[in-house]
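Got some structures for you, see below.
Across the two complexes that follow, subunit A remains constant while its partner is subunit B and subsequently subunit C.
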Partner chain A sequence: MSTESQTFTEKYDLLGCIQCGRCTGGCPVTVRADLNVRQFVNDAYDEDKLGQLARLAEIWDCTACHTCAVRCPKGLKPLEVLIGLRSMIVESGKVEPTVRDALQSVLLEGNPWEKPRATRQDWMEGLDVKIAEPGVHVENLFFVCCTNAYDPRVQVTAKNLVKLLNKAGVDYAFLPEDESCCGSEVFTLGEEGLFEMTVEDNTEYLNEFKADRMVTLSPHCFTTYNTHFPDLKNPVIHYTQLMDELIQEGKLAWKGELAKKIVYHDPCYLGKQSGIFDEPRRVLKSIPGVELLEFERSRERSLCCEGGGGKMWVESESKKERLAETRIKDAKELGADIVAAACPFCVLTLEDAMKTLGYEEEMRVAEIMELLGEFTEA
Partner chain B sequence: MKSIVCIKYVPDTSEAEVKVNPDGKTVDDSRFSFDINDADNYAVEESVLIKEDKGGEVDVLSIGPKQSEVMIRMAMAKGCDKANRVEDDRIADHDPLMVAKVLAGAIKEQEFDLVFTGCWADDDGHMSTGVALAEYLGVNHASMVKKVEVLDGKVKAHRELEGGLMEVVELELPAVLTIQTGINEPRYAPIRGIRQAQKKELNVVSLDDLGIDPTEVGSDASQVLVENLYIPEVESAAEFIEGETDEKAEKLASILVKGGLV
Partner chain C sequence: MTAKPKVGVYICHCGINIASTVDVETVEEYAQKLPNVKVARTYSYMCSEPGQVLIKEDIKEQGLNRIVVASCSPRMHEPTFRKAIQEAGLNPYFLEMANIREQCSWVHEDTGEATEKAKKLITASVAKVRLLEALESKEVDAEPAALVIGAGIAGIQAALDIADAGFKTYLVEKTPSVGGRMAQLDKTFPTLDCSACILTPKMVDCASHPNIELLSYSEVEEVGGYIGNFDVKVRKKARYVDFDKCTGCGDCASECRVADRFPSEFDQGMGKRSAIYLPFPQAVPAKYTIDPESCLYLSRGKCGKSPKCQEVCGAGAINFEQEDEFVEFKVGAIIVATGFDPFDASRKPEYGYDDYPNVITGMEMERLVSASGPTGGKVLISNGEEEIEPKEVAFIKCVGSRDESVGNEYCSRVCCMYTAKQAHLIREKLPDANIRIYYMDVRAFGKGYEEFYDRVRRENVRYIRGNPSEIFKRGNKLVVKAEDTLTSTPLEDEVDMVVLGVGLEPRADMRKMMDLLRLSQSPDRFFLEAHPKLRPVDTATDGVFLAGCCQGPKDIPDTVAQAKGAASSALIPLARGKVTIDAQVAEVNETTCRGCGFCVEICPYSAIEMVTVNQFGHEVEVARVNEALCKGCGSCSAACLSDSIQPKSFRDRQILPQIAALGAMK
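Up next is the complex of A and B:
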C-alpha cells in the first residue's frame, strides 16, 4: 500500500504508461458510458487537474472488472487511477447518498447493506451450522460474505453449502457473528482509510482462527483477501475449488438429472482477476445430464455484469443497455436454459437483467451452489 | 456565528423485528443497529454549511451512552468543533420535556446564535424536544425547517407545513430551529476525518457537572408515564380485481374514490 508522501503520479506509476490504448480498447463499459481510462491516466500526470478530473461523473462508471489491468502490457492497473480519483471525492465527503450509507454501514455494522450486525447469522436459522472458535483447528474455515449473509435471494448459496458439507462429512466451521466485510467494495469505492482499517482489523481477527484454509463464498472476498491482505496466515480459496475437490474425491452423492443447457458466466473477480476458470466448469459438468455451453466472450474475455467496483451502490448515468442485459441476450441466442454464476453480485445483476428482458419463463439464472443443492443428496 | 447542534443516538428499527421486553414497558434493542437520528444528521449538515458560509463555530450536544461517541466523532469529522456528551442515568429520557430541560441546562450559560435539532426522533417520534428546548432557553424557534437564510441578527426559516405549503418566518437571533429531512444532502464522514476528529474536545458531563438538580429532570418530575408498550395486531385484507384491463382500472378507481384516497 502506498505511503501518503507519494505523489499521485508515483502512487499509480503514471509514467509507466505508454498510452498504447489496450486498456480503453478492452474496457467493457465504453459501450454504454463515456469512460476513457487511457485519457484519465494521461491527464492525471497534471496534479493541478486532479480535482477537476475527480469531479467527472464517469469515474463512477468503472466496474473494477480489471480488464484494463489484464490487458496492460506494462502490468499497470489503470482502473486504480479512477479509484484514486474517487478517493479524493470520498475524502471531501461529497459522495452519493447510497455510497455514503454503504461505507458508513461497513464502519458501524461490518457490512455495506445497512443491516444490523446482530442479524448477520439469521440465514443459519433451522440449519445445523458448525461455528468456528478462535484457536480451535478446523480444516475449512468459511467466510460467508455480507451479500450472501443478508440478501434473501443469494442466502441459498450459504444454506445449500452447509447442508452439503454436513452430508459430505467435511471438517468445516463458519466464522462467528463478528465476521466483518472484506472491504472489496470499500476499496473500489475509494475509501482508503476505511480499507486500511479493514485490512488491519480483519487480519488480526482472522488470524485468531486456526485452519488449513479459509473458504470464501464470494469471488470479491476471495480476490480481496488474496490481493490486499499480505499477513493472513490461512490460505484463501473459493468455494468452487472446494466443490471441485469434493467431486474428484467422490464425496458428493448425486440425485436426479439436470437435463439442461447451462452456460457459465465467469465472474470478473474469480476469472480474470484470480485465474479460476476450470473448477466451476468441472463442477457444472459433473451434475448428471448437464450440457455445458460457452459464451463467445468467456474466461479472460468474459463480459462484466457491472456488479463490481461499488456499482451496486452507484447508478450509471447512461441509459444504454446494461452489460448484464447484453449477457442474457447472448445466453438466449446460445440456447441456454440456465445461466450459472458463482458470485452473488453476478447472480443479482444477471437475474435483474433476465427479468427486465422478460425471459423469466424460458430461462433461469442460478448460483452454482443452488444447482448443487438441488441435485445432491443432503 | 456560534451554533449548537443537538443530536440523538437512536436504534434503526427497520431491519430487525421490534420486540417488547417482558416488563411491557421497554423494547429489546439487542438486535438493532444504532446511528445518529436521521433528522439530526440533516441538522448537523445545515449547521456545518452555515459555518462554512459565515464562519464561526459549531458545538455538538448529545445525551447518550459511551457507544454514541462514534456518532459525535462523525459530526466532528464533518466540521463540528467540539462536543458535550451528557451521560446520567437519572434523566427521564422517555419524556421530551425532561430531555429538553437537560439540553437547556447544558446550553444556557453559553453565548449562541442558533441551536439546531432534528424535527423529530426516529425512536419515540414526539416532535417536541426542539420546541420545548426553545421555551426553556427563552428564545424564538421555528420547527420543520426546510431552508435557512442567515441575515444580520436574524434568520429566515422556511417551514414545511401540511399539504406542501411553505411558510417563511423571520426570527430574531438567538433562535432554535428544528430541521426537517431533505433540507440538504448530509456528507460522508471519511475514516481519516473521524480519526483526526479524535483530537477535538469531547467532554463527558453529568447532571452535577451541569448544575442541574436531578429531581427536576428525573422520573418523579416527569409528567409522562409509560404504562404499556405493545405491537399492534396486524390486520389485512386483499382483494383481487378481476376482469379486462379497462374493467380492472374502473373498479380500482371506484375503490380509491369510495375510500377517499383520491
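Up next is the complex of A and C:
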C-alpha cells in the first residue's frame, strides 16, 4: 500500500480538521475516560510528538463506535488517528499480552479467541447445516463470525439461524471451516500489516464463492466488509435484513407469544455506522405479544456498549461506571423485561453489566436470533 | 472574397504576464514573415488607449483589412478590439485573437517552448483571419415590461425599482401573500428594526403601484422566446374566494367548521390556521384563500349542511366553482427571486429535533419571540411535560451549514448574526436566563455586525467554542453533549431549550425554475450566476437575472443590493427598447439540409426548429435557426451529418485551415 510514503497528517487528513469539537463532544467514553479525540487530531500534526502521544493510556479507551467519524463535518475519521497511534505501539511490540495473543491467534488460527481453526464448526454439531462450495451458486452465503462460532454464550445465534433457514426453505450455505476473521478488531487494535493481509486473503477467498449476497451475523463483520473490502464481489447484508425480508414475505410463522417488554439496543456497527435501524425493530415487533420500548438514546443517538475497538482484550483503567451498566440501568428504569441486541459483543457486554448490577432475576439480555428461535417456526 | 487580405498582427506584452515567458520580439519577427501579413508589432498593453490607436492608425495608413491580436483570452477584450477596428472602418468581425497568455505564458515555464507555442497560435490565427466574412449584428425591439418571480424582499425591491423607472412589471408570487421569509422575522440584525415595520410599506406599495401587476398565489407555467421578447404563461391558482368581492373581514376564518385546526405555515407550524385563511395579519393582498386540502367541502364534498364560510361571508365572496386561470403576456426581461428553504433540522437526527418540542429552529424562534407569533411574543416552550419559561437556553450554530455530512460545504452567512440577534431578544424578555451560544467561528463581517456581536456578548450571552454533537433528554432537561474546545473540556450541558441555528438551502422545488429558464446550479446547488465577480446578477440565459437568496445565502442588506442590481440590469433592454443580437450564430444551408432534425435535438438553447420550404417545386423540411436564441456554441454543427448547419466565423472552411496551420508547424 502507498501508506508507507504518507505522513500522519496526509493519511488522516489532519489539515481538513476545523477543530469544531463535534468528535469529542459526541464521544461516549468521555464520561468515564480521559480521552479527547479532537485533541489528538490537533496534536498529531506535530510528527515529533507522535511517540509521546502513542504512549498515552487513553488511546486504548476508544471503542471504535465511530460516533466521532459520523459526526465530523469535514469527513475525517478521528478514531483512525488513535488507531494509527495504537499501530505504533503494536509495531514496537509493547502491547498487553492479551492483545498480542489475540492478534497472534488471528494470524495462526483465523480467529482472535485463541481457538484452533479445526473447531470453528463445532457449533454445528447436531444440526443439518448446508456448507458452501467454491463456484457453486447459492442465494445466501453465511459468514458466521469468530465470536458467534466459538463463544458458547452467543453460538445460539448461528444455531437458531440454521434451524429457521432449514424450516423456511431458504437457499443458503455457510462458509466452510477455512472461513477466517473479518479483521474488524485487528483493524481497530492497530495491526495494520495483519489487517492488510486479511483484506487481501479474505477478498480472494470470499470471491471464490458465488452468491446473490453474503449474510453476516455480526454487525462488525457486516460493516468491516462493506467499508474496508472494496473488491468483494458479493454484496454484504446483515442477518436482521434477511429476517425482516422473510417475515415480510410470510415465510416465518409464530408459535405462542412473548408477552414481554423489549427494549432494543442499537449496536454502533449496525445503526450509527451502517444506518440499519428499522429492520431489527420490525423483526422484534412482529413477535406476537411483544411491547417494544425505546431507549431515550436510541438510533442515531444510541449509547455505545464499549464492546468494540478491541475492548474485549483491553480493560479500561477507569473505575467509573461502564457504559453498558448505564445502558442496563436505563433499561431497568424503562421497565424492560428484555434488552435485545443484534451483535455478539453487545450481548456479552450488556449481559455482563446486568450480572454486575445483579438484575439477573428480573431482566434478560438476548440476541434477537435467540428470541426468534424460541418463538418462530417456518 | 473581395479584397486581398492584408493582415496586421499585434503582440501584447501584458506587462510581464506574457513578455516574461514569451520572447515577444522573436515572435514579432516571425509573424512579419507569415503569408498575407503586412505589419507585426509588439506593445506593452495592446488593450490600452495607445495600443488601440496603434492598430487604428495602421489600418488607415497601411490599408490593413484583417487584424490578429495575440494577447489574452477573448472573453474580456474581444469586444474592446472589435470596437477599435470598427472605429477604424473595418467590419468588427474581421478580428481574431490568439490567446498567448492563458493558453501559453501562464501555463509554461520554458521561454523557448512558450515562444514556439506563441508562434503556432499566431500562425493559426492568421490562417483563419484571412477567411473570415463580414457580419452584421441585428437589433430587435424589446418589450418594455418585466417579470419578477418570487415576492420576498428581493422580488419586491426589484419590482418596485423597475416599476418606478416607468415600466410595467408582473410580480408573480407562489403563496397567497407577498413578503417571503422576511415577513416571518421579528426584528432584524444588526439594527433591530422591526421586520414588519420596514417591510409592510413595501409590500403595500407593490400591490398598489400603478405599474405593478401582482399575481399572488400564482406560478409561472411556461416561458418561451428570448431576451427582449419572452412569452410568459402564468397559472393563477383558484383561491375559491372572489378576489374583488372579498373585503378581508375574516368572518369566514373564525366561523370555519375546522377553524384553527391546521398548522400555520407562516408560524412554522407552531400556530394554527383555519381551512380558509389569511397567512398573517399584514398579508398583501388582504384576501382570504381556501386551502383545498384542509377544507371539508373541497376535500370531502361536504361541510355540515352547507359550507360555513359561505353562510357567514357578508360579501358573498366564497366561490367553490372557481377554477385555475391562465394569463399570458410578453416581457423583455425576467428576474428570478425565489429565495431559499431553511435547512430541515430532521436531517441531523442527533439533535433530536423530531423528538423534543423544546429543540426548535431559528425560524421557529423568530415566530416565538414575535408579538404577532403563536405565544404573543412570550418565550414559552413545552419541555414535553409542561409549558415553561426557559431558564437555561442554548443556541447551536452552523446546523446544516459547513457540514459535509449533509452535503452543505458552504457557510450560510446569516446564522451567526441571527443567533446573536435572537440571544439579545431572549435577554430582553428573560433577564435572568442563562444564555449560551455554541459556535465554531463567529462571522460578523457586515456593516455594524462586529459591533452588534460585541454588544450581545456584553449582555451576558456566553459564547462557548465547540459544535455540539448530540442532544438527549435526562429527566425534564435536555442534555447538550459538546466539547468546550478552548479548555478541552467535554460537557454535558443541561438546558431547558435549544435553538438550532439552521442554515439556508436551495429551494427543493428549484428544478422547475431551472427547466423553465435554462438556469444551472453552482457547486453549492444555488442558481449559478454568469460570473461570480463581474456578472453576479446575470445568468447564462440572456435577459434572465438573479436576485436574493436563490443565488446564495445572504442577509437582507445584500439581498436588497442585489435586487437593485438585477433591476438595473433588467432595465437596460427595457430602457433601450432594443436588444442586439449577436452575429456569430449558426446558419443553415437549406439546399443540403436533409431535414433529419438531429440539430434540433442537440441544441442546448432550443434555438432550432424545423420548417417546411418549397425547393424546386417540392415541399421539404429544413432546419431554421432562431438567431436571437442561438449562442453560436456549435453543437448542431458537430451533429449535422451533411455539414449543413454551421456557426458563422466558425465554419469548417474557416477553422479547418486554422487547425491545419497548428498541425503543419513542427
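We take it that the second predicted complex is superposed on the first by the 375 of 378 C-alpha atoms of A that agree within 3 Å, B and C clash if a C-alpha of one lies under 4 Å from a C-alpha of the other, contacts with A are read in each partner's own complex, and residues count from 1 in each chain.
Definition applied: a contact is a pair of C-beta atoms (placed from the backbone, for glycine too) under 8 Å apart; a residue touches a chain by one contact, two chains touch by 3 or more.
This structure is a prediction, so every number in the text was calculated from the model and none was measured.
Peer 1: Looking at A:Pro116 after the superposition, I want to know if it touches subunit B, subunit C, both of them or none. Which is it: first, second, both, neither?
Peer 2: After superposing on A, A:Pro116 lies in contact with subunit B but is clear of subunit C.
Peer 1: In the superposed arrangement, which partner chain does A:Val90 touch: subunit B (first), subunit C (second), both, or neither?
Peer 2: So A:Val90 only meets subunit B here.
Peer 1: Scan A:Leu194 for contacts with subunit B and subunit C and give back first, second, both or neither.
Peer 2: In the superposition, A:Leu194 touches subunit B alone.
Peer 1: Given the touch rule stated above, what does A:Gln19 touch, subunit B (first), subunit C (second), both, or neither?
Peer 2: Touch partner of A:Gln19: subunit C, not subunit B.
Peer 1: So in the superposed three-chain picture, is A:Gly75 touching just subunit B, just subunit C, both, or none of them (first/second/both/neither)?
Peer 2: second
Peer 1: After superposition on the shared chain, which partner residues are touched by A:Leu107: those of subunit B (first), subunit C (second), both, or neither?
Peer 2: The first partner, subunit B, only.
Peer 1: After the superposition on A, what does A:Val31 contact: first (subunit B), second (subunit C), both or neither?
Peer 2: Touch status of A:Val31: second partner only.
Peer 1: Would you mind listing the overlap between the subunit B footprint and the subunit C footprint on subunit A?
Peer 2: Comparing the two interfaces on subunit A, one with subunit B and one with subunit C, no residues are shared.
Peer 1: Residue numbers of subunit B touching subunit A in their complex, please.
Peer 2: 12, 15-16, 30-35, 70, 74, 78, 185-193, 195
Peer 1: Which subunit C residues qualify as touching subunit A in the complex?
Peer 2: It comes out as residues 349-350, 352, 398, 402-405, 440, 465-474, 481-485, 488, 490-492.
Peer 1: Which stretch or stretches of subunit A touch subunit C in the complex?
Peer 2: By the definition above, subunit A touches subunit C via 18-27, 30-31, 36, 38-39, 67, 70-75, 296-297, 299-301.
Peer 1: Would you mind writing out the residues of subunit A in touch with subunit B in their complex?
Peer 2: 90-95, 97, 99-100, 103-104, 107-109, 114-119, 191-194, 197
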